[in-house]
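Read from first to last, the chains carry the letters A, B, C and D; within each, the first residue is number 1.
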Amino acid sequence: MMENQMVAAEPTAEEAAALDELYRDFAAESLVPLWTEIGDLMPMHPKPAAVPHVWRWNTLLPLAERSGELVPVGRGGERRAIALANPGLGGRPYATPTLWAAIQYLGGHETAPEHRHSQNAFRFVVEGEGVWTVVNGDPVRMSRGDFLLTPGWNFHGHHNETDRPMAWIDGLDIPFVHYTDTAFFEFGTERVTDESTPDISRSERLWAHPGLRPLSGLGNTVSSPIGAYRWEHTDRALAQQLALEDEGHPATVHQGHAAVRFVNPTTGGDVMPTIRAQFHRLRPGTATPTVREVGSSVYQVFEGRGAIVINGEVNTVEKGDLVVVPSWAAFSLQAETPFDLFQFGDQPIIERLNFNRTYIEGTTK
Amino acid sequence: MMENQMVAAEPTAEEAAALDELYRDFAAESLVPLWTEIGDLMPMHPKPAAVPHVWRWNTLLPLAERSGELVPVGRGGERRAIALANPGLGGRPYATPTLWAAIQYLGGHETAPEHRHSQNAFRFVVEGEGVWTVVNGDPVRMSRGDFLLTPGWNFHGHHNETDRPMAWIDGLDIPFVHYTDTAFFEFGTERVTDESTPDISRSERLWAHPGLRPLSGLGNTVSSPIGAYRWEHTDRALAQQLALEDEGHPATVHQGHAAVRFVNPTTGGDVMPTIRAQFHRLRPGTATPTVREVGSSVYQVFEGRGAIVINGEVNTVEKGDLVVVPSWAAFSLQAETPFDLFQFGDQPIIERLNFNRTYIEGTTK
Amino acid sequence: MMENQMVAAEPTAEEAAALDELYRDFAAESLVPLWTEIGDLMPMHPKPAAVPHVWRWNTLLPLAERSGELVPVGRGGERRAIALANPGLGGRPYATPTLWAAIQYLGGHETAPEHRHSQNAFRFVVEGEGVWTVVNGDPVRMSRGDFLLTPGWNFHGHHNETDRPMAWIDGLDIPFVHYTDTAFFEFGTERVTDESTPDISRSERLWAHPGLRPLSGLGNTVSSPIGAYRWEHTDRALAQQLALEDEGHPATVHQGHAAVRFVNPTTGGDVMPTIRAQFHRLRPGTATPTVREVGSSVYQVFEGRGAIVINGEVNTVEKGDLVVVPSWAAFSLQAETPFDLFQFGDQPIIERLNFNRTYIEGTTK
Amino acid sequence: MMENQMVAAEPTAEEAAALDELYRDFAAESLVPLWTEIGDLMPMHPKPAAVPHVWRWNTLLPLAERSGELVPVGRGGERRAIALANPGLGGRPYATPTLWAAIQYLGGHETAPEHRHSQNAFRFVVEGEGVWTVVNGDPVRMSRGDFLLTPGWNFHGHHNETDRPMAWIDGLDIPFVHYTDTAFFEFGTERVTDESTPDISRSERLWAHPGLRPLSGLGNTVSSPIGAYRWEHTDRALAQQLALEDEGHPATVHQGHAAVRFVNPTTGGDVMPTIRAQFHRLRPGTATPTVREVGSSVYQVFEGRGAIVINGEVNTVEKGDLVVVPSWAAFSLQAETPFDLFQFGDQPIIERLNFNRTYIEGTTK
């Protein structure tokens, strides 16, 4: 594939001097020519600065525990969260150009104070329990396998009701919001506004019924009104897809690969305007087709062992491990055991702005 | 309110004769003047020909049973269905101008053959069990409280696996489709294409998980892909709304009145393009505000006893009774006991064409 | 094609008597069985009661003139409009089940008083000038070739500023609104609220600029905010399509057949929720493919001579003639001379409710 | 307003050492804590790195002319375009974080070769003529006041048919596409594919008719199908708004401030998924309210003299001057003479992702 490059006519010394002067004058006037920049600026296909990378759960968790001993949680720092900093992104706490992914840690009986911000947030729990996140006054239990929402501009805080610490994954659009200059932030109360610990949140009681919508909630909402997508539902939906496949019916995305998307029940679309969240289950021995997609993702292994293959590199992963997949990387999953993975990505941004493209390797483009 | 009326200038005999001749010439040329018709054609507010009416379950069911003895079910007649014929609509089998509502009856071990049509259909089961409806090859159990879909152009047949007969309610847009000349029909097989009797349909296994969507089904569908909305979910959603109300949280439509809409999970909108379906639960002693709405509805009492008040007339109803509410009728529900009602209506037609209006009595218009 | 028919088992005398009694009991209880009605109610394909029919302009116009002498225009009768009554629709003033089409006539210096109604209305001018229609206080000139809108619930009246009478075509959704019980009506002033006679309406000055939208009007509207679609624009758009075709570029719908749809500039969709309006121009000698479409239309010849072929019958037509095309009729246009036709139809109803189907003869269904 | 800040408990020496070690271990594992970054990452309101800045046309144009003498235009460099580099954005050729704005210069009889890319592009002509841009084979004349589109993935090249050079403004979403890793690029032919110089493009002949849509183009398109929005239409639309205001009718956005948005006629929405384009006309002496909006814009003065006030700083500007307005800057326009300005911005990105907010100074937030 031919690449963009600068025009390469050999100038005379006089011309070179004139050109130098021109470029100095550009700089003095805050101007930059296209012709010296186009190769980097406008490549033939996406060339992400972000790189594929794996963070190991058994490295992350001990570091989070050490933070728990050394760093208080409270107003100002707000959260004891440690972000994945993509090695290609210059040390910024960005998993991908658009996405923040962090491990958050809350010790026994600690409280992370309430605040709200325009950034959209979710939590995913790979293990543990005992924390309630309180979203606009609605206490939401956090347990293994649960996917929990805090869409933009909802007040939220967390508190640990037990003696034992708990850690989970936070996902947000912090880098995107920072980049687009769309950030707003407001402090709330120091303690959570409702310290009760119900098994099920009010949002679920109102909204988490399949194909049913309360008449008191007929207006569509930008983000999902469901605060918690419980593991029991996700697990059952995936199991049913594989069972249907066994019975010979269309249900899975690929042979041996069940998958669900978490959606906003008022629209059927993504849970939040900037973040897609999905869950995958592969049968042992399954390998998915190699696909390139515009948009970046983060995967976390929920259970089992297998490999995430990115641009030909085989990354063996197991429970809790986190992997970043940059835009347009050639990507495939391979299951050694039964293999469950949580995924989130920025595809709603890409699709709403009509930049989405997909290329399945082995097909003509 | 001033009504439209004809211009009433007194003509001379000569003028009257000329006018008569003009009207005869109109008729001969298939023409009709507006000025003699406007009062009926363009009233100040909707003046439905359809009237409020109650059909009693304990009248309907014995008639259905007699049909079961006298009329075979099979190809040609297709279904042993007996339609509510609104007394205001000239003997046509129309519950309202747009909606068909019928009791369907299937004897032990009978089969209603497969066919498909552009008309959208659902079934609602007020009592009984033992029949499976097979929709595009997917067997769907029918049990008390279930709301079951057969959207337009899906093949479907029913078969009774037991020795006992079963009756249920069919709702369709037959009158609307007939009126708009949009009817298509196609015969299928004499017997259902899958005689198995699973507890749960494949459509539910794939789609009836709250806030989850299979990645194999990301395209939106005109009608809901869920074949059965089970009573257990409807019941739980309603109970939760009342419980939340008890705890002081917004959840019900009015004090003491819980309600859900059945929706298409791919869009959050109505289950089918022409039919809305909802379920109501009132606490004993509750009376809803009197409301006029553009669009017509049919209610069936599912459980309990109360009154449906229409244009000031109090209709006492109990389990299985069916009531028609015409467009713009003043309407209220009153609960004597705990009171559960199923409702369907043509509001999606009204709303998609922007004719919707609502007037709550006691407010200024 | 096999048709639906009644079940034809021969009953015994006793059975026949029991069946008679059953049917009497049905009737007494306002019930009608499906099995005796299904053939008419649910045909294999649309079987409209409405028939294709032609009304001649040179018959209509003299009748309108006689009305002008005999019938006053004013409050009560509201408009001197004479409606096409489809011979298949039992003498009702309905061009098709859903659509009203009438010739309206206003004598020199007459005024049709202001009113508003939920029915959507437009006017199309095949010849003449001198009348202004005042829509919500905005005076709109009416001239040959103009297509003029009065969407639902906008006050409107007409006044003739000249000594000469003027006639034009009104199109409304009166039958549909009557059928669905969605009619509201309100009287306005006896005289129009603005008697000025500008060449161009305020709505055009604000909205009729290609690809431009006022910042004071960023909210989308249910119906088009443009009060008048002027002939000069329609004519130019059609001429350009044929010129582009001559130059070898894709532009026309079929070879020799240019066509435009009148649209709402805030959405790009139809001008009103229930009515589609289009304009066709055929080169001499052009015949369009024979097509069946769900939905009904009315055509008026604007200029030229040709034929409208419906279900095989060739109807020769010329300037001003009006033709009704029922749903699913096999339809084709044939141009003898350069042939311009205005068309309106109920396709937005059909499409918004997902009943649309098209069949092009000579293709497999 | 209280700002986010680090937790400030004074640690012991031992604690400080442990914390240092923790931070080193974070860095080694590509991790960054939130609590040291939150103040910058999640501010109380947008704090753009981009700054307000003015580029003068009488500085830009001579620099472009010098480039014309020293730098060839052709394959590789592709375009002789000189980009505004916001002084706050580290020397990158970005007018704002999301937007590219450049002056492009084409000498007499030069050709900029054809290519296509996923980036969306437009051109705006403040003065000059003689160049045709050829978009997917359709030659589009470029003249003063015209706004010209090249949406993503359309082939395009430019050629100058005259002896005189011409310069204009390019606007693209290059920074956003680079940031989101959504860039694709493909070379086309060296010369433009159609060297004819029609007065009006085929896209205009098909699409630029007010409220009319060709039946050959009923599918909606992601971007506008209109290649050129001509000055005569923009000028007339603005003049009509001011005339309507003079006559006492609502038409302008503020008293003395007429404005139009360029839109996609298939949807009524913005011309391209990422870029909004608008045109403003102020009467002499008019000052607009001071407004803060999420999203960034670039203004170019088309005619007249006035001031652009940003965060209290009064920037006097005249014909051709370009000004950048960062997100959430307090912004107002002041007209000394009749004052015409072209504006483009990234608001479609902001709105499609639901980050839009507006604050009008002097009101409560």
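Observations, loosely collected:
In this text, a contact is a pair of C-beta atoms (placed from the backbone, for glycine too) under 8 Å apart; a residue touches a chain by one contact, two chains touch by 3 or more.
Please read these numbers as outputs of a predicted model, since none were measured by experiment.
Listing every chain that touches subunit A and subunit B alike gives an empty result. If you average the CA atoms of subunit B and of subunit D, the two centres end up 52 Å from each other. Here the spacing of subunit C and subunit D, counted between their Cα centres, is 43 Å.
Chain centres here are Cα means. That of subunit A falls 30 Å from that of subunit D. Shared contact sites, meaning residues of subunit C that touch two or more other chains, are absent. In terms of which chains touch, the assembly is arranged as a closed ring, every chain touching its two neighbours and no others.
Interface of subunit D with subunit A (complex): residues 2, 4-9, 15, 18-19, 22, 25-27, 29-38, 41-48, 50, 53, 55, 59-60, 63, 66-67, 70-72, 74-87, 91-93, 97-98, 102, 117-119, 152, 174, 177-187, 222, 273-274, 294-296, 326-328, 346, 348-350, 352-355, 357. Interface residues of subunit B, counted against subunit A in their complex, comprise 202, 205-216, 218, 220, 224, 226, 229, 233-234, 236-237, 240-241, 243-244, 249-253, 259-268, 271, 278.
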